[in-house]
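See below for the structure under consideration.
Chain IDs A, B, C and D follow the sequence of writing; residue 1 opens each chain.
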Amino acid sequence: MVIRVQAEPFDYGQECASFAQSSKNSGAIVTFCGIVRDNDDASLSIMQIEHYPGMTERALSRIADEAQRRWALESCLIIHRFGALRPSEQIMMVATAARHRSDAFAAADFLMDYLKSRAPFWKKEITANGSEWVAAKASDEEALTRW
Amino acid sequence: MVIRVQAEPFDYGQECASFAQSSKNSGAIVTFCGIVRDNDDASLSIMQIEHYPGMTERALSRIADEAQRRWALESCLIIHRFGALRPSEQIMMVATAARHRSDAFAAADFLMDYLKSRAPFWKKEITANGSEWVAAKASDEEALTRW
Amino acid sequence: MTLEILYFAWVRERIGVPRESVETNAATVAHLLAELSAREDRYALAFSDLSALRVAIDQDLADFDSPLAGAREVAIFPPMTGG
Amino acid sequence: MTLEILYFAWVRERIGVPRESVETNAATVAHLLAELSAREDRYALAFSDLSALRVAIDQDLADFDSPLAGAREVAIFPPMTGG
């Protein structure tokens, strides 16, 4: 299990390649990558991501532990950035490796649902017209009831 | 939508990178990679993959069309190899891009379920003791009832 | 009519060829398989358990009772194991 | 006891500092927030709607009625938006 919280960009392709390389006997690899999406009117200048150093790593580790407890994972990776990101930059990724695809899919889906609502990150959108904190979505909270 | 059926290896990391690069406004990318897993007694020498040229591309395109009809995908990629593969080689991958993660996850999961049972590939395991066609699993057929 | 018949995986191995042209008047896939099975044992052996077989007509999955009228290519194979 | 209190996102902006040390005898998080709200308007403003807030004690998510006995660090923030 690898957890990285960092300001620097990560190389999604390279991370996928090395995760798959180190999980060669797993059979099934699932990865997710989250990308900063511009607003519909293309007004987003910066997505500022704040986090709670210390608690973030702790929360991510617990979420990953829970995924490993629920599914037969051979490995799992979470990378999450903080700081100022521009549209089309990669914010975060998760990767899971398992013998069977159903475990790899379910665990990655679970990690994402918990990351959204239970890891201490907050997003602020900065546009030419000002800045606004992104509100948590009811649908993200509801997604947790699936598990 | 990109469908590739090929004997040659593909570079999973590079494919993930270029898929994400070409889907920068999507917000959510999910990829799956299937790897030849050795037998528990490490006896697998070759996994021979046979397919039905012509029908394979047609079946994969239809499965991808169906995924795009069901979910709001911005792009999707399927690569599937045939021929003689060794343990730890990458057999196939899918990638999906969508505005929202739930669409990207569901579509990738759906593509995999249909690829398993409705795309004309057949696997034969070759070990030191002989060779055997891999039997379809009842669980793979049942998985289709989810959709 | 002349049909191109393709075999895959263990069906191909039991029949002994990957494809062949067959002259037939069979109305359905099931009739075609019965006709071939009556000709030679290797067909009878390969087609003895239809539940272990799948079929495609002109590269689309079909059923054993699908009509062959207008078909050019029929493929017989075991359940697929992709992915 | 002395508690280190951390604020994040718009809570931090309304309070005006990212963290501060507070001397308190509050039994629960809710009591602590009420105590701070009575001290200054900026706290009252930030804590007016508890349903818009989340809390962690010593870096674990907690409830407003969680006891503060033994706690060193309390964090107050809006619902998280990771991923």
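By definition in this document, a residue touches a chain if its C-beta (ideal position, glycine included) is under 8 Å from a C-beta of that chain, and two chains touch if they have at least 3 such contacts.
All of these numbers come straight from a predicted model, not from anything done at the bench.
Student: Does excluding subunit B break the complex into separate pieces, and if so which chains end up together?
Tutor: Subunit B out, touching clusters read A, D | C.
Student: Going only through chains that touch each other, what is the minimum step count from subunit A to subunit D?
Tutor: 1
Student: Quick one: subunit C and subunit D, Cα centre-to-centre, how many Å?
Tutor: 72
Student: So, what's the distance in Å between the C-alpha centres of subunit C and subunit A?
Tutor: 48
Student: Quick one: subunit A and subunit B, Cα centre-to-centre, how many Å?
Tutor: Between these chains, centre-to-centre, one finds 23 Å.
Student: Starting from the mean Cα coordinates of subunit B and subunit C, work out the distance between those two points in Å.
Tutor: Centre-to-centre distance between subunit B and subunit C: 26 Å.
Student: What parts of subunit B, by residue number, touch at least two of the other chains?
Tutor: 34, 101, 112
Student: What parts of subunit D, by residue number, touch at least two of the other chains?
Tutor: Residues 83 of subunit D touch two or more partner chains.
Student: Going by the touch rule stated at the top, which chains touch which?
Tutor: Here the touching pairs of chains are A-B, A-D, B-C.
Student: Can you list the subunit B residues touching subunit C in their complex?
Tutor: Residue positions touching the partner: 34, 50, 52, 54-55, 58-59, 80, 91-92, 112, 115-124, 133-136, 140-141.
Student: Mind listing the subunit B positions that touch subunit A in their complex?
Tutor: Per the stated touch rule, the residues are 11-18, 20, 23-35, 37-38, 87-88, 90, 99, 101-102, 104-105, 108-109, 112, 143.
Student: Enumerate the contact residues on subunit D facing subunit A in the complex.
Tutor: 6, 8-10, 12, 56, 59-61, 75, 77-83
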